[in-house]
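The structure under discussion appears below in the form of structure tokens.
Labels A, B, C, D and E are assigned to the chains in the order they are written; within every chain, residues are numbered from 1.
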Amino acid sequence: MSATVAMPAKAPGTGYWRGVGRRFARQPLAMAAAMVLLVVVLSAIGADWIAPADPFQTSVSRRLAAIGTPGRWLGGDELGRDMLSRLIHGGRVSLAMAIVPVAVALVIGGFLGVLAGYAGGAVNMAIMRVMDVFYAYPSILLAVAIAGALGPGMVNGMVALTLVFVAPIARVAESVTTQVRANDYVVAARLSGAPTSMILRRHVLNNVAGPVLVFAASQVSVSIIAASGLSFLGLGVSPPQADWGLMLSALRQALYVNPWVAALPGAAIFLCSMAVNIVSDGIRRAMELRR
Amino acid sequence: MTCFTPLRRIAAALLLPALIGLSAPAAAQGTLRVAMTLADIPLTDGAPDQGTEGVRFSGITIYDGLTNWDLTQAERPAELRSGLATEWAPRPDDPTRWIFKLRQGVRFHDGSVMNADAVIFSFERALNSNHPAYDVSARRQLQAFIPAVKAWAKIDDYTIEIETNGIDSQLPFQMTRLFVVSPTHWEAVGRDWNAYRRNPSGTGPWRMDALVPRQRMELVPNREYWDAARRPRLDRLILLPIPEVSARTAALLSNRVEWAESPSPDSVPRLRQAGFTISTNAIPHMWPYTVSVLPDSPFHDIRVRQAVNLAIDRDGLVQVLNGLAVPSIGNLTPDHPWFGTPSFRPRFDQAEARRLLAAAGYGPNRRLPLKFIISASGSGQMYPLLMNEYVQENLRQVGIDLELQVFEWEALRGRRRDGAQGASNRGVHALNNSWNSMDPYNGLLRFFGPNELPPNGTNWGNIRDEVLEGLAERVKGEFNPQRQAALLAQIHTRFVDQAYFIWVVHDVGPRALSRRVQGHVHAKSWYVDFSPLFLR
Amino acid sequence: MTAALEVNGLEVAYRAGRGFVPVVRGVDLTLARGKVLALLGESGSGKSVTLRSMVGLTAREGARVAGSVRVLGQDVPGMTARQQLDLRGSQVGFVFQEPMTALDPVFRVGDQIAEVLVRHRGATWAEGLARARALFDLVQIPAAAQRLRAYPSELSGGLRQRAMIAIALACEPPLLLADEPTTALDATVQIQVLLLLRDLQKQLGTAVVFVTHDLGVAAEIADEVAVMYAGRIVERGSAEQVLLAPAHPYTRALLGCVVRGGYAEAPLVELAGSPPDLARLPPGCSFAPRCGSAFGPCGVTEPAEVARPSGHRARCHLPLPLDDRGDGHAGAETTEAR
Amino acid sequence: MKAPLPALPDRGGPAQPMLTVNGLRRWFRLDGKRVIRAVDGLDFSVAKGTTLGIVGESGCGKSTAAKLVAGIEPADAGEVVLDGEVFWARGARIGPEARRAVQMVFQDSHSSLNPRMTAAESIAFGPEAHGVKPGAARDYARALLEAVGLPPDRFADRPPMALSGGQRQRVNIARALALRPRVLLLDEPVSALDKSVEAQVLNLLVRLRAQLDLTYVFISHDLSVVRYVADEVAVMYLGQVVEQAPASVIFARPSHPYTRALFASKPSVDPRRRIAAPPIQGDPPDPVDPPSGCRFRTRCGFAEALCATGTPPLGTVAPAHRVACWMTVPRSGHSQAGVAA
Amino acid sequence: MLRYLLRRLAYVAPIAVGVTLIVFLLVHIAPGDPISAILPDDASAEMVAEARREYGLDKPLPVQYGIWLWRAAQGELGTSIRSGRTVASELSMAVGNTFILAVASGLLACVFGVALGLVAGLARDRIADHVTSLVTLAGVSLPHYWVAILLVIVFAVENPWLPPLGIGPDTSDGWRPDWAHLQHLILPAIATALIPMAVIARTMRASVIEALDQDFVTTLHAKGLLPGRRLWHVLRNALPTTLAVTGLQLGNMLGGSVLVETVFAWPGTGFLLANAIFQRDLPVLQGTMLVLSLFFVVLNLAVDLLQSWADPRIRRA
């Protein structure tokens, strides 16, 4: 209680997100993770310019080349392609596989959740019971089953993962919306006679968005692992697209021969997923409003 | 090994030293454990599923066909030899009727006598839906492999007659697939094929001792096997389904098995280093692209077919596969009697490939887009992703943009059944499917002609060639082995010259063996005979 | 016989950002055995922190505590953690404001009482539960046997607070610290609990420090009253002295804020502004910015505590009213008249 | 202060009650069978320009009553008449213009302000919803801040986090006033505030009522606060009004045993006048399973057999003084009937 | 309690029906003809039609669903297209094996998750907390199937300490709780437990901190209770939330086992499911999905009940 002392008198109007940013910047680990993610995202975007070599150029002589081999600075893969270039290009596909499903699920699940939470009653019942059904499957199992049913491929994998994430995001959105809606300021807004769309926009969404976004961000790491798991089972991205999961799967045999090179895709997945987790933890911490 | 020292040190630090030695495997002397690529034990009722792999492990081990493959030598392609039939020939008066003389004194594992009734029973249960023992599963597994069979009859206790659909010299090859089951035992287990599968009885060199579905099948020698030369020397043979390649490697390296099928190319150096033998031999199994020659396909143009064949660096691929393949320039290996004398030699000549493509109207300004359907894995498919990626890169260098559409194995088989002309395959120019080519039908005849069009056959690409079709007719009526071989060589010559396939490699049936495994003969066949094996 | 409580120069500061913010700034108190002291103040005045610092409960929260506290003659800050634990629950009982949250929601009420006896009196669980039943009778909880098995959420607010009191009194401690024990209760229940506490205090001879913001509650139970503002005790004395003849302007203002007139023809006396930010205290008297009688020195130097022979003390630069008659009629009448 | 929204017209003149509530009822169903009778038949009316105080303990249904009157919570039965016209009846929707007439101030000043909006934004929201241009709404919001005693230059751009409880409650009042309502429902507006701040807010409310010609329904558990602001007082117990009278009457002559107990439970600040014994025993019963007949009978010192069987009507015992107690009903059969009144 | 149980059951029943519908549809949205999987390459049109009839694939979808559901309700899940064994018999063995793995990894995950979370929560914002939090973060960020391979390489291949695959010695019949079988369990259990353990630890940490922040903890100090007893109070309060998350995680573990079982050739439901997918063995696929998801539903129900046992507030809500 007394540990928190009165707020500073000056607090700018739009200062909430700035405050979150400030509090986020004060966490060195989260900042480091954010930097890692930034580097990965930027290099994925600029893969065509950054990658030192053609990610598809095979070289029989440089199969599983050791790290540090000239022209294959991070080693060569099972076809002698440049690991570094493939990791950079692979980030593009892997991140897309991780982010797109969550983003789409965020739109769908967020919409359903907010709708259910704000409307309440029968609408809530209808939407959330359907979500419960999807929630009744272990997530990776559901992804595997859907991807298995649809067949391998990047798009199918994304569809499968999207379906996996809709229900949990909808649940979070619904519960946050229900909480927000119970606040007296929403009651006051309704009392003012404002149209529902305006209440949603001004009072509900901007209070719901934060927690839901943070949750979705944390799901990105789940998505990274699940997507690579699909590739591992042969249900994800198709070759020759460089994808970390696919690379991991293709190189798992080389772990016996050149473990350091073969472990790179797994390490990339781990690093990225970890960075996402640390960043979303950091944002969550930065978003905590302390009275 | 050196690369792993750090990991090893970490592990040693992590785990209590007390753990060491506790799990040291102690295999019984003479027990051979085999890691199969299959996910499950093939059906054990004499009509094994899972294709030739099923026949290899659950077919020729427990059962015998009327004819058997000779798997005793590694130099020449495997040949037919007598099995439960001692001699066979078409009747001179009617070449559609064959007389099979049966071997006497053969007993099933249940003790009952193998005779004509048993053989007839084996036909009935698979092909006669009115018979009490009819089993639809057996029919599914068998029918396609014995298409020549039309009718069967007992002549005496040790003689039967088989009638073929038209004249067909291929019947003896097909009879390797008809495994003879015991009617007495079927009665004994309550006329239930599921019970029979749990407790099978055949005449083969191995008896099944234990079966745990999806985990393990244990075979023990049939000490009374009729062919003394093939009486197993091992005490026990354990077959383990381990579909995941890294798990098979791990099983080998940790001495959980002495024999692993299809080690991955990348693990070969490590396995060799650890003292394992990587046994290979060119087996009658090819890994090509079956192309669509329909008018709307670029492969309708022979120049494109030849260009693609010339664009592929087969030696490079073999190197990538660590020698677990041999280059393929036809359905058969050049040393095969049916190889013939094709004038077109698929080789690595990208300049020529570019020239042919240019002649066909493609060039740097008009790159050729192609779409192949492939599988992610599957029986006999070798290392499809890796190999296709390699080919994709080869083709890119000559101006072909290859799109690979990946399916899981059974879905790809579905696409195969639809044929290139099927709606689902619109826009698809080739199918990557490996084929076994151990007999004339499987190796050559099924890839062309109207009778073989999907869904009734495997002429996926709609190859119509009067020359080939005429030769095929003649083969069916030719019973003299030499003349038959000559005709087959003509077919293969024409098939290669027309570049009806894009050949890549032949499988070498790689298997990794512990040094303790002795007596192994790597026959040029999909099959292997476990009988001569023993452990040191 | 030693005093129940002697506090000298108690200072408590909490960490905020880089530094520490003083929350309690030099509190001196003494309480004789068997007496009731009401610690009065608004939220943020430091009264609750003072109370919890007396038995070392604030150090746990990372507070910096200085000064001397002697409970029943024992020096609390000088004790080991284990000795403090032995003191608490056994010789000092504690009652909190919100019984709903102060009781563990997933334990049965009876067990929460019994565990104190098991801990401090070496009782077995059965003995503890039997004694708990007796305690329930003592705090007048009907249907004791059944209620002992209830979870806190299954009891009404009044019963919960009675259970809390039963826990605090389980070992019959000579000193009871009560932190706004009746504030969360409804009016009709509040008075019941208050009078129960008063009766038990008399019956058991317990000394009580009773923290409250409610002047009426203080008047109802206290022998002595201390008024806190911004971490300091600004006035203390007997209940009559402080409530009927307040010496400090703040105490007077508080009394003025109490609504007790009829319909508002005249506005309430209001205390302008709000309590100061403890991190940025004004120079001089902390109350000066809100004080109607502030003059020159108030904004410069902090007033020292001035004591009258009667024992009535206040921290104010203004001379104390001389008519400290102790009967307090003047004070009462002036406020009633408004 | 120039308001961008027009004032709502006065229709019936000073004699017509501002607000009339008839037969208001709201039951909450818990898993089918069990029912909380939060508000169980509520009738009252409030004259223009006056304040009705509603007093009761927690769980008596007074907050639900406020939400029902405001039309924010659906009622099971009853209607609310505003200046002679039906404000809402069951099943009907309230038009946006009519909506303005009744506004509310909540107890929890924290949860009643959007944490992502500044004080000015929160106040301007209502007018903007009614079509006032953002610029004009903002100016109006600043004027209202000034009116509730918060200098806009210092407070307009503060988020709720940077305001004290009293300041937040002032913003809430300004927000409610921004729509130029005629009735303000004040649900425990000062109970979370310190005494010194409570006085400030109460004075502000009293001043504003006169300035803006408002009618208040003031809900509180604190008798002294109600006594300060209310012209008329209604006492609620378990979802029902048990006594209603002008403030002067009810504080002078409380008639219902509960009202009397409530009054007697309030400690005085004089240490010499201590309460000897609690006026009543026990806690209010669980509204899920209220006692039969008179709901107060379980805690009433005068309860007799009659009280368990029949629910006493809210009868008039004196002009404008209504009580629901068998003791006030002559010949009701209660031994004290007629004596107490 | 009984009333609560009934209410939960009434809530779960429609979900279970929904689950069956999705399982059914899942198989039927799959492109490609399931029939092709069960027939030889050159099967005739009559054979195809016959197989269609036999598996009921010629009827309209709703009818197929009805028939399937009716049969499933009677425990009749059909026959594996591939092996000819009943799906029930395929499943019974696989479920047993997965159950063993799930119990082992569940225990690992719970014990270590709770312990780590407790340490982190009690050491809040101190070094032990930061270290534990990083470890658990790493736990949720690792591709567990990859870890599985690494575990095999390190602990089975490079150092032959533990068996790399299978559920027991080569000639064992059925599972027995002896060392010969237990050693097979260690690596798969660790790999499977990794993510649930980390999630449980994170939840536990948050619940412990939440519990520690509650007012009653001050009461515990004020009562002079010793640390052990205080810890017990905190644990009991952290339990309900942790239980809820544990249930969800144990369920997800079943899903994650698809990958781990593949790596360890552990013949459980995940292994069965993966192979059923690749072999297009629809009855097995359906049956496995159905059993796993219904098990998940039941698990959640059980967790709900446990939670309401652990937290009296839930029962009253």
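Going forward, a contact is a pair of C-beta atoms (placed from the backbone, for glycine too) under 8 Å apart; a residue touches a chain by one contact, two chains touch by 3 or more.
Keep in mind the model is a prediction, meaning the values are calculated, not measured.
Colleague: Based on which chains touch which, give the shortest step count from chain A to chain D.
Modeller: Step count on the best path from chain A to chain D: 1.
Colleague: By mean C-alpha position, what chain is farthest away from chain C?
Modeller: Looking at centroid distances, B is the chain farthest away.
Colleague: Can you give the whole-Å distance between the Cα centres of chain B and chain C?
Modeller: 90
Colleague: What is the distance in Å between the mean C-alpha positions of chain B and chain E?
Modeller: Comparing mean C-alpha positions, chain E is 37 Å from chain B.
Colleague: Can you work out the whole-Å distance between the CA centroids of chain A and chain C?
Modeller: 51
Colleague: Chain A: which residues touch two or more other chains?
Modeller: Those would be 6, 148, 151, 234-235, 252, 255-256, 259.
Colleague: Which residues belonging to chain D are in contact with no fewer than two other chains?
Modeller: Residues 164 of chain D each touch two or more of the other chains.
Colleague: What parts of chain E, by residue number, touch at least two of the other chains?
Modeller: In chain E, 31-32, 149-150, 153, 157, 262, 277-278 touch at least two other chains.
Colleague: Mind pulling up the chain A residues that touch chain E in the complex?
Modeller: 129-130, 132-134, 136-146, 148-151, 221-222, 225, 228-229, 232-235, 245, 248, 252, 255-256, 259, 263, 266, 269-270, 273-274, 276-278, 281
Colleague: Taking the complex as given, what residues does chain E use to touch chain B?
Modeller: Within the complex, chain E touches chain B at residues 31-33, 36-45, 47-48, 50-51, 54, 82-85, 90, 93-94, 149-150, 152-167, 170-171, 173, 179, 183, 262-265, 267, 271-272, 275, 277-280.
Colleague: Which of the residues in chain D come into contact with chain C in the complex?
Modeller: 57-58, 164, 166-167, 194-200, 202-203, 206-207, 221-225, 227-231, 247-248, 251, 261-262, 265-272, 274-275, 277-284, 286, 299
Colleague: Can you list the residues on chain C that touch chain E in the complex?
Modeller: The touching residues are 52, 55, 57, 60, 84-90, 93-94, 96, 98, 101-107, 115-116, 119-120, 151, 153-154, 164, 167, 177.
Colleague: Under the stated contact criterion, what part of chain C meets chain D in this complex?
Modeller: 42-43, 156-159, 186-192, 194-195, 213-220, 222, 239-240, 243-244, 253-255, 257-264, 267-272, 274-275, 328, 332, 335
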